[in-house]
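Listed next: structures, encoded as structure tokens.
Each of the next two complexes has chain A plus one more chain, namely chain B in the first and chain C in the second.
Moving on, here comes the complex of A and B:
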């Protein structure tokens, strides 16, 4: 039985026409970081709220470590949550924030509380800041305090709701590594919500891609790049060109040519051939021809929208090669950068 | 000087000019028997203060006013807290109507309500006794406090409570250790305003209250209005009337500016 198990969870907010969760099925293994990835409004935060007990599902069940969570209030669940905003208690110091839960609940002796607070400050790389006011911290430090405060409750499951979305890219990378390190050291199972596929791929052991209140695909990050299960998953991970094709065994035939695709989620028959925009190689020399329809400069690379064999294809080309609207681009497609998904 | 220090000085200066400066001539009058143009300073006479304080009604009235207003402020806070929180943090059908109804006791003249209240309170056995007087004050100041507090809660994000509860903190402790500190300044302001409102009530106390339970306004207002008193006696009475309010304001001013004592707007 999975460590965290969500079965057919349905949730509709009062006054909302559409359900936020439409039979959500999700499971996480003990000690892993499972990212829930999806666009805004797809229901990922609602999923976390249902797991935490802040929202009650209309139907379906939530179980953690074999124990039913339904009917338990948030404070009774062995689950802690870190929100998008750090939500520090401004009238308290960093140390008081960190040890907030055990201090208020008097679940530790004073000596143990002081010891654990010190250890957590060290783990969160906040040594020397224990006496500072929460208001004096930087954004990154605030999120470390928030994370430390949640971990002080020694949760069986830690929920992280876009915890790094407000931080600048450099700090984000540092904290992502820090979250992974904490996961390795403490073995805490984490459910990590984000809308950023690269962030999900960097942080998580597995990614559950969510769309319209359901999980579209749950797999290791590399699988989303190598063999997405469906067009929405492919789109979310940067696959942009979808060409109607026919598949028989490992052979996929399309207007762009024939491709050998060994491992694919699609059955034989009508499929969509997916071609990454970065798939164009042998620029200026290849066998294929495309006519440039528009040019979008993007720093070191340029995105060309082209017409190729009756299909509109987006190609990303290094700026060493330059083309104008109406020019012909000769190229080949890197067979490693194609896959196929079931036709819609 | 820091921005915060500068702001503090500006606030203190404005408060001094607006609140305390007008009291200086009053204070001078309270210690003088004669002050007419062209004299720059009045003739000193320290006799008015002992004369007023020796009035056997004054100190009991002061005590009664403090008791009544403190109780009304306390009960208003307790009774309005959750209503104000829901009003401030949630949107629901009929919210605007409720807000309007809460405003009614503020803009309808007290005299229009008081005599009607007298009849109702008689039937409810709340006439001419202390519980009745407290209830009568609450009729006016409970809606007022609810409105004040709801404005405080409009700047409060309940996600702080969600955060506490996902850390294993129960509802009661969440209210005590998270909600209250976060809105503490607003609660203090609402309590002070309610206290001041109740402190100033004259007509209601006179009509509904126990005739033996005299509050400071009930004792002092006749002193001020009856024409045979001198300016000096009026000055002493007014100062005595507003002094407790000033003392309370000074006492809570620290709580309103101390960052340790609660979050302000945008603190989340």
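Moving on, here comes the complex of A and C:
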């Protein structure tokens, strides 16, 4: 039985025409970081709010560690949540923020509270900042405090709603590593919401890709790059050229040629061959020919929209090779950078 | 030969407009405002130190006013009515704001009912209270018709009473929407996020209210309730209509002294004006300090 189990959860906000969650099924194992990945408005945050109890689902069930959560108010659930904004209590010190919940709830003795606060400050790499006002912290420090404040409640499940989206890229990487370290040390199960597929792939053990209130695919990060289950999942992970093809066994035949694809989610028959834009190799020497339709410079690489064997395909080429509109590009396709998904 | 000397600072007629263009553009308005505010206040202060002929009288007027039993009685009456009105307005506004921030059917109607009385003049509000609550009013008649009171005169004194119950009702009814509106603005904004955060940390409903919601709305309550206190403390119309013969509010006492055809009490009226201003300032300062302390201690 999964540690966290969501079954057929439906949620429609009052006044909204469309449901935010349309029969959401999701499960997480104990101790793992499961990322819920999806574009804005796909229902990620609603899913977290339903799990936390901040929103009540219209139907379906939520269970944690075998216990039904439905009907429990947020404060009764053994779940803590970190929001996109740090939402620190600005007039309080870092230490007061960290121990906010057990202090307000009087769930620890003063001695234990001080000890746990010290330990949490150390775990969050905030030693020496306990007496500092929350208003004086940097963005990264604020999110560490927010994370520490949630962990102080010793939750069975920690929900993180885009906790790093407001941070700059360097700081983001550091905090991602920190979250993984905390997960390893404490073994806390985490549900991590993000819209950034790279962030999800870096942080999570598994990714649940969400679209229109449903999970499209739930798998290990590498699977989304190697064998996406459907076109939407492929698109979200950077697959761009979708060519109609036919599959028989491991052989996929398309206008771009024949490819051997050993591991695929598609059944035999009509499929879509997916070709990553970076798949073009042997530029200027390969057997395939494409005519440049448009040129989009992107720093060290250039994106060429081309016509190739009656299909429009996008190729990413290093700037050492330069082409203009109307030029012919010769290339080969790296067979490691193709896959196939069921035809829509 | 043309001079190459730079004009001295301050000697150039355009220096002010060049160096402080914003100040210069607002200068006429600032002067006008200063005259409009400072001159009347100065005239009142001057009047409070003069006799009825306008001659300097030292602190005689203040000695007379402060030595009068009626002044202290009226001051206590005005302070008590204003403080109770402000407190009840806060409680009512807080309860209503908490209810109105939720989404429910008929919310727009509830919002209208809670705010329409803002448009009713205070004098009209006082008259409404007379029609409703006096011993010859509607409630008294209904009470008598239903047999709750033996006679019309058996209905309790809710207006013209020495404790100012009718006045308090008018002030609460008229002023609680000010506090409610300012609270709603906060409660429908950042407060929800902080409340959800606290809930998601396992903090229960009542603790969330006292440790998260209340500190978030405290500054809004502080500012709006100061306005409510000042407005009810200085109000003349409602106490003039609803006040009792024995207990007069300070503003009614002031007006009677000022409007007395004898003119001899007018300097004392000026002294009362100054004292009312000082009392208001003292209360506002004390209130702000208390509110700031509370916000520092528990606010967000």
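Heads up, the rule we're going with is that the second predicted complex is superposed on the first by the 344 of 344 C-alpha atoms of A that agree within 3 Å, B and C clash if a C-alpha of one lies under 4 Å from a C-alpha of the other, contacts with A are read in each partner's own complex, and residues count from 1 in each chain.
The criterion applied here is as follows: a contact is a pair of C-beta atoms (placed from the backbone, for glycine too) under 8 Å apart; a residue touches a chain by one contact, two chains touch by 3 or more.
Note that this is a predicted model, so its numbers are computed, not measured.
Chain B and chain C, once both complexes are superposed via chain A, clash. When both complexes are overlaid on chain A, the residue A:153 reaches chain B and chain C alike.
In the superposed model, A:230 lies in contact with neither chain B nor chain C.
Legend: residue contacts after superposition of the two complexes on their common chain; A:186 is shown touching neither chain B nor chain C. In the superposed model, A:288 lies in contact with neither chain B nor chain C. In the superposition on chain A, A:14 makes contact with chain C only, while chain B stays out of contact range. In the superposed model, A:135 makes contact with chain B only, not with chain C. Residue contacts after overlaying the shared chain place A:219 against neither chain B nor chain C.
Shared contact residues on chain A (touching chain B in one structure, chain C in the other): 52-54, 73-75, 79-81, 83, 85, 87, 89-91, 100-101, 104-105, 149-150, 153, 159.
Those residues of chain B that touch chain A in the shared complex are 159-160, 162-171, 173, 177-178, 181-182, 259-263, 267-268. Partner chain C is touched in their complex by these residues of chain A: 14, 52-54, 73-75, 77, 79-81, 83, 85, 87, 89-91, 100-101, 104-105, 149-150, 153, 159. Considering their complex, residues 52-54, 73-75, 79-81, 83, 85, 87, 89-91, 100-101, 104-105, 133, 135, 149-150, 153, 159 of chain A touch chain B. Against chain A, in their complex, chain C makes its touches with residues 103, 193-194, 196-205, 207, 211, 215, 295-300.
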